[in-house]
Structure formats: C-alpha cells, structure tokens
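Please find one structure pasted underneath; my questions will follow.
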Amino acid sequence: MNVAPSAVVATEPVSSKGVVAAGAYVDGRRVANIAVDEASSWRSRPGHVVWIGLYEPDMALLTSVQQQFNLHDLAIADANHAHQRPKIDQYGDALFIVARTAQLVGGSIAFGETHLFVGEGYLVSVRHGASTSYTPVRERCESCPRALARGEDYILYAILDFIVDNYSPVLETIQEEVEAMEERVLAGGITRAQIQRLYLLRRDLLRLRNAVGPLVEVCRRLEHDNLPMVRPTMQPLFRDVTDHVRTVQEQIDSLREVLAFAFEASLLVGQAQETAVSKKLASWLAIIAVPTAIAGIYGMNFRNMPELQWEYGYFAVLGVILIACTALFWRFRHVGWL
Amino acid sequence: MNVAPSAVVATEPVSSKGVVAAGAYVDGRRVANIAVDEASSWRSRPGHVVWIGLYEPDMALLTSVQQQFNLHDLAIADANHAHQRPKIDQYGDALFIVARTAQLVGGSIAFGETHLFVGEGYLVSVRHGASTSYTPVRERCESCPRALARGEDYILYAILDFIVDNYSPVLETIQEEVEAMEERVLAGGITRAQIQRLYLLRRDLLRLRNAVGPLVEVCRRLEHDNLPMVRPTMQPLFRDVTDHVRTVQEQIDSLREVLAFAFEASLLVGQAQETAVSKKLASWLAIIAVPTAIAGIYGMNFRNMPELQWEYGYFAVLGVILIACTALFWRFRHVGWL
Amino acid sequence: MNVAPSAVVATEPVSSKGVVAAGAYVDGRRVANIAVDEASSWRSRPGHVVWIGLYEPDMALLTSVQQQFNLHDLAIADANHAHQRPKIDQYGDALFIVARTAQLVGGSIAFGETHLFVGEGYLVSVRHGASTSYTPVRERCESCPRALARGEDYILYAILDFIVDNYSPVLETIQEEVEAMEERVLAGGITRAQIQRLYLLRRDLLRLRNAVGPLVEVCRRLEHDNLPMVRPTMQPLFRDVTDHVRTVQEQIDSLREVLAFAFEASLLVGQAQETAVSKKLASWLAIIAVPTAIAGIYGMNFRNMPELQWEYGYFAVLGVILIACTALFWRFRHVGWL
Amino acid sequence: MNVAPSAVVATEPVSSKGVVAAGAYVDGRRVANIAVDEASSWRSRPGHVVWIGLYEPDMALLTSVQQQFNLHDLAIADANHAHQRPKIDQYGDALFIVARTAQLVGGSIAFGETHLFVGEGYLVSVRHGASTSYTPVRERCESCPRALARGEDYILYAILDFIVDNYSPVLETIQEEVEAMEERVLAGGITRAQIQRLYLLRRDLLRLRNAVGPLVEVCRRLEHDNLPMVRPTMQPLFRDVTDHVRTVQEQIDSLREVLAFAFEASLLVGQAQETAVSKKLASWLAIIAVPTAIAGIYGMNFRNMPELQWEYGYFAVLGVILIACTALFWRFRHVGWL
Amino acid sequence: MNVAPSAVVATEPVSSKGVVAAGAYVDGRRVANIAVDEASSWRSRPGHVVWIGLYEPDMALLTSVQQQFNLHDLAIADANHAHQRPKIDQYGDALFIVARTAQLVGGSIAFGETHLFVGEGYLVSVRHGASTSYTPVRERCESCPRALARGEDYILYAILDFIVDNYSPVLETIQEEVEAMEERVLAGGITRAQIQRLYLLRRDLLRLRNAVGPLVEVCRRLEHDNLPMVRPTMQPLFRDVTDHVRTVQEQIDSLREVLAFAFEASLLVGQAQETAVSKKLASWLAIIAVPTAIAGIYGMNFRNMPELQWEYGYFAVLGVILIACTALFWRFRHVGWL
C-alpha cells in the first residue's frame, strides 16, 4: 500500500483507498512514503515521526491504523461515524481530538469533521465531509523543516491553526452579505426573499457557533492542561490558536446579535411601512369621498332643488369639488400622510 | 417466581407481575433465571452478578427487592412514584440513578422514567411510562460475554448508552418536521395549524431538554467522581456516554433556537403579508374610485351641464375612465403594490 | 401559658395568643405540653427536645422565646417582620431558616413565610401570612415515634419537606389552567381577558420562582455544609428535599417558558387573524364596488347613451353585475381570502 | 473649624463649608465636636473614635482629611469626583467604600453617591448629589451608646444599613405605580403617555439595579473576607445588610421582569384592539354598502326598468334595504365583530 | 534613525517611518532621544528605561524592535496585523498586551488597536487604525518625573488609563444622542431614519462592548496575577484602571439595554399610531357614508317617491345629513377615535 504523495492531487483525495498521504519524518524532513501497515515500525525508530492523512476511510483501514498505534476502541468507533462534538479525549498516552471544519458551498455553510490521533511519534488525521485537504499544511510544514522538527505536537498545532484559519473566509463572506442586507433592509423594508436569507444566515451562524464554541475548550486544554504529548515549549503556539478561535467566536456572536438587531429593525421598518400605507389609503379615500358625496347630493331627484336651476351651478360645484380636494391634498401632505 | 426470560416478549412486559427478566451471570454468561427473593443469595456467591429488570412494579415487589439488596428507604420511595428529575444518589455502597426516556408517540414526545439500583454484584432497573424494554440491551450484552463479564458497572453503561441512543430517532423526526415547516413558513406565510404545531414542538423540545439536561451531570459524575461501584477502567465508556448526551443536548438547543428564529421570521413574513394585502386593497379602491367619482358628477341633475348634450360625451367619459383606470393600474404595478 | 394542643383546631391558629402548640418530646413521644417560659428548663433535660409552633407572634412572645433559647437579636428582628428572602443563617450553635410558603387563594397565589429556629434540643417555627398550619406535620411525626426520636433536625426535615410538598398542588392547578388556555388561544385567538390571565399567571410564577429559588440553596447547604445541628445520618433526607425543591423549580421554569411561548404564539395568531380580517374586508369591498361603479355609469345623464334605450339593457346590466360579483366571490374564495 | 452639631439642620448640610458634623466618641458617647485638622490627634488617643460627615467637600477640605488619616491618593481622587461604581477597596489598613444612594424626586429616581473611609479609630463619610443626610444615623447611634461603643465598624454598618433601608420607599412607590399601570393597561389598552411612563420606569429600574447590584458584592466582602477593620463579631450585622440588599435586588429584578411582561401584554392588547377596530370598520362598511349599491342600481336611467313603475316599488326597496342592513348588523354582532 | 521628538507633531505620526517617539529615561527624566537600534544598549544601562512609540510600523521596523528586546515571534506576528482581541500574554519575562481604542468619527465609532510590549527597562507601544497619539501621555508623564521614575510598569498604567479615559467622550456623545432620540421617539413615533440610527447605535455599542469587555480581564490580571514586570506597589493603580473600565462596561451595557427598551417602546408607539390611523379612517368613512347613502336613495328613479315632491324635501334631507354627520363626528370624538 505504498502511496506516492507526489502523485496525489491535494484537492481530490484518493477516496477509493482513503489514504491521502503517509510519510515518515526525521528532523522535519520526509525520509519515506510509507504504507499504513508499516507505520508502527517506522514510528518506533528513534527520532522518527509518522504523519498519516486519511479521508473517509473504511472500517478495514481504520482497524489497520488502530493496530499500528494501539488506539482505543471508542476513539476508532467515533472516527468511523462522524457527527461528534468538537472534543479532546485522552486515552492512556494518546490524544483523540475532534474538530469541525466549515466551508462556503453555494451560499450556505457546509460542515466537515476532522478527527486527530496524536501519540508519541505519530499523528493520524481523518477527514469527513466538506473540508479542505490538509496537503497545504503538509507542504508548508515540509518547507520549514526547523519547525516541523519539533515533532507530532507541532503538526497538531499546524492542523488546528489551519482549521481555525479556514473559518475566517466563511465569516467574512457572511459579514459582507449581512452588511449589504442591512443597508437594503433599513432603506426600503424587507422582502420575503430577504427574510428567508436572514433566517438561513441565522441558522448557519448557529451551526457555526456550535462547531467553533467547543473548540475553544479543546484549545484551552491543549494550552493549559499538562497533557503528556504536548511539550511546554509548544504552549505559546496553542495559546495563539486559542486566541484565534476566541476571536472567531466573538465575530460569530457579534454577527448573531447584529442579525437579531436587523430582525427587530425590520419589524419596526415594516410597521412604519404599514402605517404609511394606511395613511396613504386614508388620505386618498378622503379626497375621493368629496366629489362622490357632493355629486350624490346633486344627483337627487327632488322637485325643488334651487341650485340645479342656477345658470352656473354645475361649474360652481365643480369648482367647490376642485378646491376641497386640493385643500385636502395639501393638508394631508403637510402632516406627512401623503 | 421463576421467570423464563426466553418466553418474555420484549416489547410487552409482564405487567401483571412487574418482573420482565431476572438472571444471574458468571463471566458474562447467564447461569440461571432467578426469582427476586433468591437474588441476595445468588449475588453473594463469588463472581456472580444479578441483573433484574422491572416494569412498573407494585410496592410489594419493590419491598422484596429492597430486602434482597438492602436498599435505602428514600430510593425505594422515589422508585415507587415516578416524576423524578434525572439524578444520581449515593447511598452507602449503592448507587441510585434516575433517567428519563423519550419516545415519539403519534407526533408528540412521550416520556418515561427509568430508575437504576447498582451495587456490588447486582443491577436492578425499574421502568415507568413510555419506554422501550431493555431486553435488546440484555440480548446484546449476552451476545458479547467478554464485555458483560466486566460486571454490574458495564451493565449500567449499556443501559445508559441505550437510553441516550434512543433520544436520537426522536430528535431526527423533529428535525425533519422543523425543516419541512421552515420551508413552508418562509415560502407562504404561516397558517394557524402551523403556529399550533410550532408551539407544540417548542413545548416538547423544552420537556426533552429538561429530560436530557440533568443527565449530563449524572454521566459526568459517573465519569469523574470516584464512585465506589465504578471501576476506573470503565471511565472511558462513561465519558463516551457523556459526549453522546452532550451532543444530544446541543442538538436540542439548536432546534430550540431554530424554532425561535422561525417564530420571529413568521412574524416578519406575516407583517409583510399584511402590508401586501393593505397595498392591494388601497390600489383597487383607488382604481374603482375613479369611475365612481366621474359617474357621480355626470349623474348630477343640473339644468346646465354642457357635456351632457355633446353627441359623444358619454363615450368620451367612458374613454377617460378607461384610460385613468389603466394608468393607475400600471402605476401601482410599477411600484409593486399590485 | 399552658397550651393544650389537643384542643387546638389545626387550621385556625390561636392568633390572639400566637402559640399554636408547644410540647416536650422524649424518644419521639410527647411527654408534656409546656409553656413557652418553661421551654429552657425542659430543653436542658437530657434526651428532651422542645418543639414550639407560633403563628404571627407579638414582640413580647418573641422576646420570651429569645430568652428561653438565647437567640440572636438579628434573627428575632427578622422573625418579627416578614418579607425576608429564603435563607439559612448560622448564629453560634443555632440555625435560623427562612422559607416562603405558597397557597392558591381565589385563583392567584398567596404567599406566607415560615421562620425556623433550630438548636440543640429545640425547634421553634414562626408562621406569617398565608400558610397551612404545621399541625399535620406534628401529627404525622408523633404517629411515627421512631423517626421523631432522631431529634430536632428530623423535625426540621419534616417541616421543610411539608413546605415543599405544598408547592405541588399550586403548580398543578396552574399547569392545568395553562393547558386549558393554550388550547383555547391556539384554536381561536386570544381575548383581552385571556391576555390579562396570562399576564397574571406569569407574574405569579415569577413570584413563586423567587420563593422557591433561594430555597434550593438553603436545602443544599443543609445537605452539604457541616452544620453543627445536622447529623451526617440526616443528609440523605435533606438531599431528598433538595431533589424535590429542584423538581419544583424546574416545573416553574418550564411553565414560565411555556407561557412565554404562548405569548409569542398569540402574537402570531393575532397577526394571522388581523390579516384574515383585512383580506375579508378587501374582498367584500371589491365585490360591492362592481355594482356601484356600473350603476354609477348608467346613472349618468348624458343625452346620448345608446344602452339606456335598449329594451333589455337594464336586465343585461343586472346580469353582468351578478356574473362579475359571483366570479369575484369564487376567485377570492379560491385564493383563501374569503 | 469647630462645628456645633446641635446647630446643624440635618436636611440642609453646611454646603459652604462641606463639613456636616465631626465628633470624637469614647464608649459610644460624643466627648467633643472637633475640627477636621484636629482629627488625627483625637483619633490617636486610646479608645477614641472620630466620625466625620462631609457633603460635597472641596479639594482643600479633602486634602486636609487626607493628611489627618494618611489616606491613599487614588481614594481621595475618587471621592473628589463622583460617578464611581459601588466598590470596596483596601488600601493598607484603611477601607474605601463607594455606595450609590437613591431618592424619588418628582416621580423619577435621583441618585447620589456616598464614599466612606474607615480605618483604626475613624470613619469619614463623603456624600455627593441626591442623598439624605446621615444625621439620623448619628442621632440613632448616639441614642444607643452601647452599640456605638463597638467602634468604627459599627458606624460603617449603621450607614450601610441606612443606605439600603432608603431604597425601600423608592421601590415601594415604583411598585404601586406599576400595579396601578398594569390594571389600566390590561383593562383598556395603553396610551402613548403610559408607554412613555413604562419606558422611563424601566430605565430608572435599570439604573437602580446598577446602583444596588455591585453593593451585594461589597456587603458580601465585608461579611466574608478577613478585612482588618472588621471584627468577626460584626459579621452577623454585615450578613444582615447583605440579606437586605439581596432582597432589594430581587425586588428590582422582579419589577423589571413584570414591566417586560407588561410590555409584551400591551403589544397583545394593542394587537387585539387593532383587530377589533378593523372588524368594526369592515362591518360598518358592509352595512353601508347595501343601500349604496341598491340605490345605485335604481338610480340608473334605463328606459325599461319595470320596478321603477311599480306603485310601491320605492317602499319595497326601502324595506329590502332595512331588512338587509338589520340582518347584517345582527350577523356581525353575533360573530363578535360589532 | 535619530528621531527628534520635539519636532514630531503629536497628532500626525511620522507614518513614513513609523516611529513617533523614542526616548531613554532616568529617574523619570528623558536623558536622550534614541534610535530604535540603540534601544538595547540604552535599556541595559542601570536605572534606564526605554520608551518607544510606533504607529503602523512596517515589518522591517518591527523586526528591528524584536531584535533589540528579544521579543517572541508570535507577539511580533500579532503586532504586525491588527484585528486581535484585547488580551494579555506572558512570554518569558516580557508582557504582550492588546487593547482596542475607540474614537467618534463622523457620528459612528472608529476603532483602533494598540499593542504594548513591556519588559525589564522598556515599553514599546504600537498603534494601528483610529487612535489618538500617546504623545499627551508622554508629556504628562514627563511633567511629573517622580511618578515616571517608578519605571516601565507606570508607563503601562499611564497608557492603559489614557485608553480607558478616551472611551468616555465616545460614550457621552452616544448617551446624549440616545436621550435626544428617546424623547423624540416617545413623543411622535419613530421615522425610518431614526430606526436606522437606532440600529447603527446598537451595532456600534456591540462593537464597543467587544472592545472593552476583554480589557476588564486584562486589567484584572495586571492587578491580581503575580506578573514579574508589575511591582506590588503598582497594584492599586491597576485596580483603579480595572474599576474605571468596569464603569465603562456598565455604562455600555446600560445603553444597550436602554436602546433595547427604546426598540420595544417604538413598537408599541408604532402600534398605537397604526390603531389611531385606523380609527381615524373608520370614523371619516362612516361620516362620509351618510350623505352618500341618503343621496343614493333619493337619486333613485322610482315613479312614486312622495318625499321628492315635498316643497322643502331637499332642504329637510340636507338638514338630516348635516345633523347625522355632526352627531357621528361628536360621537367619534367622544370615544377618542377622532
């Protein structure tokens, strides 16, 4: 099962096999592309670190990985079916970390999951659903051997940092849409399509918050707890990720509040609009009622109605109607009903 | 009171007796179906674990169980009448655990309660109300004697895991309904039947959250507290249940928020609809007012109204009316009122 | 001041005197009905417990009690004027506990206060406002001397349990009313009387929560803190009260949320109703506008209006009007406006 | 700067000077009225306590006080310009306490600030803005020398107790107004003046909560922290103030929630009212449309309209109109639209 | 790179270079204006403190600063690109602090960021975006050498105090605007421009809260944590800043709540207005319907209509119309519809 990573296209994981890349590193340099079932032997050589990337592996592959690194049944069960909350579990001397990834696909957020197994001399990443390949992380790490030489906890940091970084373009796109929408809503009232969009944005942000929120705790534990796989010198790096994910969380919460404000403002704008329509309706009804009422009176068939006999009665009445309507019109305009 | 479990239909507990199943286990294998009043002697044999399942037992049966395992009065009182919050109580060297179960019955959630007594060498489960029988748990455990051989805390884990697993189909059904409803609401405004359904969903979700919320604390204590009945090697299992119940709780909270969003969106949609109706009403009133007013004027009985004598006055007026109405119609359509 | 408790009617305290009952107990049996100013001597006899029940005592009586048991000035001041939050204060080797009681009086909740002084060999209860007499508690305790023999902390438990038990009928009545109301509201829109009832229910539930909420902390401290008057063997009993009061609190919070949901649903129902009225109004206006406009046109007095001379012009116009109105009617019905 | 306190009118502080009262006490009795610049020497005599009350002092006076008691620059800076949050700061062996006072002035709440410096043998109070003079506290303390003899921490307690006591009349007045308003709102809908009043009440309660809320923490620290100036025997007194301020806080929060309920109820009442108006409008329009439409038809000028020639046609039509209108009227009344 | 600070105009940083000011201080007096690349040597002289102020420096300048003071890579990376949350990070024996600054620019709040590096003998401030120059802080410090002589932690205090002080004018301006708006809204209903302004104010306050909120934690850590760069004697100063920033936070939260109240009140006012318009409309429709209906009846062409032949029938009908309209008008005015 020798995989030649140079032949792997980063954005299209070898889905049939499930293994995206697998390498052994010494001093930050890749010394070999390895097969999964050789991993254990490579890992046990002094100074060697094994880094394996999987995409939606089948159970057979997972079982093979489990045997190589002696992973816990429950962690493997979790990694097999997605839909976990972001969390960090410690099994003996191995860490199992779950994170959710987010990508914008066609205007709404698609979520993926990444499961990470970290232990002495190895890191295995398992991706599910919508998520960018970690090939860029691998390339960036390999281009900077001095950093990568720090070991498996550095790789862990690099991947978490990458995940958190990838929230930002999602948030920025949403932010731009929210700003565009708030202008339109405040200017001209909200349409049904915009209500629908606002609703979907709120729902998406809720899901994003659920993805990001528990990650704060994961990062905080990596920074503060005395986990056996994380060397103290790495803590400033994990603190940096914690700060970053907190900033993302704050932005999400702000957007959520802003959307709630926008909902409330829309309600007020809608109410004002409704009142404006009522006022316009009332004004025009009043104006049109004048000729109707007057004409009705002079349409009566009484024998004795002196005005009807006047030479210019008709024109006088026309004049009265015109003056009354004009006066009403200006009055309504003056009080802002028209 | 020898019960032959093989003859018991899983979904229909022997309600007249209250005992669903009672067995003694050695090394994960059932060695005997026992009577409740033999339980104490079986339990005290080395390596033996007694597992008894009750469904809505009467007080006599509960008292018998109490004598066998020397249970605390208060725990028995709790187990006798349901309506407890999920909780975990420690009485001497025995644990008493309360959990709420949920099932979808006819579109709304029906709740049940399960009380668990766990101590050295025994586990007694007491079910009340709407709840699935734990026979599937027993069967699955018996089919895997190596796991069951771990003892009574493994049975406890198996039952809690089963309870939490059973929340998921309930939640999924609600989720689907919410998604179907949100589409309809955003597309066409909300009907009274939908308002009612939304309301009932929110109420049901509130109850579900009340059932699930305190269970997080129960599982967390089983995972972290140094309880005498829970061996340290079982803690990863209980952590798994904790993670699971937290995921369920998060899903419930999300659904609750989404329903709140849907309520707010409905208000906006309803307001927009109301305004649209007002605009339509105003437009048609304006259009119809034109012929009424003009016809009124030429219906006046003045002696001297020159237009009335014109050969084609009538047709001219008809034309004016037609043109005015058409112009208004297009104008209203242009500004989006019609 | 020898009071013969057997002569005291439980529900009507001897308000003129303020002393409802006062007894000395040995091994759970009442050995004497005592006067308040003998209390100190009875209490100091080995194995004796003094239990005194007061109802709205005057300052003289309180001072007498204070001298007997050497109570703290501040506790007596608190007990003299009600309107305290539920709390537990420790003064030297005595406990001072405040709880609020609730009763349904004429459809709304009436609140009372109970102050309890507990120390080595005595318990004094002071009731204020709407509250049931504790005579049933005394009778139940006396009927079970073995339990009562445990001493003053058992009496404390019995009274707190009684207070918490008495919240339940109040809550159940409110629950039933809420359920009856939610059905009516969702079916037919909300009337002003129902809005008023909803409002009052919310206000009452808020007050009930304020009465019950701090009691959780009181019970929790009785269960967990190492208070000198509470023996460790009593802790399961107080844990039971804590569980109970937490259940009550959860029910209150649920009802409060449900009422909030009902408010929001009413708003939606009301909005839907308003829109329905507008649609009906618009439809009928449109239908009635047709004959008015047509009749207006044929009511004009032009010399040359050929239709007027047609033999069946009138009937043709009537027919046109009828057809137009019917068509409109069916159209409006079809789109759900009528 | 000898001030004769007997000549000072309590409610009108000597604002030109800033010193309201200054006395030296031994065993709870005032032994001398002192000048501020003698304070240090009086204070250092054994058993002497100096109590100085200032009202909006100028910087010179504050500096003089600072020199006498060796106070911290920052505390003096705080005391010079008001607008501090309630807080408690410890500077070496001195305490600096800030509290906000509240008074009803013309229907809305006016806030003041009191700064207290407490140390070995002295207490200095500095009042700003709307606040009652502490002369009543001084008089009450002086009338009870045994209590006052306890020293400067007793004075501190007396002043804090007085401040908290003075919140109650403010709250009671607001409570009465809220109750009066809720009745009117639920009975007849809300007027614009009432909306304005509700709004101002909410804003005032918010400010009051901001004044009272941090005071809970101040009192709690005086009760629990081991502050050098507060003797353990004083802790029950400070616990009493804590309880009191917590009760006030609970009342404020309740009122705030009740006002929020009232807002929501008003919205529902307003909506019901709007719908009622629409229904009335629709009903009358329908009733008036009948004669208009019928009369319009018989006002047409067709040559051949048989009914016009009937002897009693006119009266028949009048009758039809009357019957139709009456029928409509009763129908609308029956369905509750009129 | 010798910068002559005397030539630098405080409000216009030397943006091309990025260095606003750089000085070495001994005993609180500036002894030299230094170049950035001499900083390390100046700093290491005993009793010397280096204070450097940068404004949007380029990476080259930052790298130079990093080399002088041996700063951590991550802190430099943070300082290079803004958009950090306020935070305090400790790297070895250096502190890295991020704060957000706020200024009113054209009616809305513009935010800037300040990054501070503090270590033994140096403080470097890096400003980004909208923020006042810290030249006034430098001048004030230099005018008071005794305070400045305390060292780099005093400078840190002075800058933080300055930042927090600068929130106040922003808040005061918003407060004034809110108060002006609340009066207008409650008096005359809300216009669309005001809704927009309310919305923007809420959004700005949300951002301001996000800027200020985490700063409380920063100041609290400076006050309480045993940070190596902050001498214990400085703690009262940082407590003062903490109090100050808490007061600011409380004001922001109050304003946010007040704006939420204003939104709700606007909704009620708007609803009341809508109902008033509906009532007016209904009233005038009723009044105008009377002449229309009556005139319609007497416009019918029945042969036998006795009233038409009456000598004064016309005038009688005019009178009836007048009386009916007047009566209706007064009735509507009486019930408050007009």
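A, B, C, D and E are the chain letters, set down in written order, and residue numbers restart from 1 in every chain.
Throughout what follows, a contact is a pair of C-beta atoms (placed from the backbone, for glycine too) under 8 Å apart; a residue touches a chain by one contact, two chains touch by 3 or more.
Please read all numbers here as calculations on a predicted model, not as lab measurements.
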*In this assembly, which chains make contact with subunit A and also with subunit B?*
none
*Indicate whether more than half of the residue numbers at the subunit A-subunit E interface occur in both copies; give same if so and different if not.*
different
*Between subunit E and subunit C, distance of the C-alpha-averaged centres to the nearest whole Å*: 43
*Taking each chain's centre as the mean of its CA atoms, how far is subunit B from subunit C in angstrom?*
26
*Quick one: which residues in subunit C touch 2 or more of the other chains?*
267, 271, 274, 278, 281, 285, 292, 296, 299-301, 305
*Using the touch rule from the top, order the ring's chains starting at subunit D and going via subunit E.*
D, E, A, B, C
*Spell out the part of subunit E that touches subunit A in their complex, as residue ranges.*
72, 74, 78, 83-85, 87, 89, 91, 190-192, 195-196, 198-199, 202-203, 206-207, 210, 263, 266-267, 270-271, 273-274, 277-278, 280-281, 284-285, 288, 291-292, 295-296, 298-301, 305, 307-314, 317-318, 321
*If you look only at subunit C, which of its residues touch subunit B in the complex?*
182, 186, 236-237, 239-240, 243, 246-247, 250, 254, 257-258, 261-262, 264-265, 267-269, 271-272, 274-275, 278-279, 281-282, 285-286, 289, 292-293, 296-297, 299-305
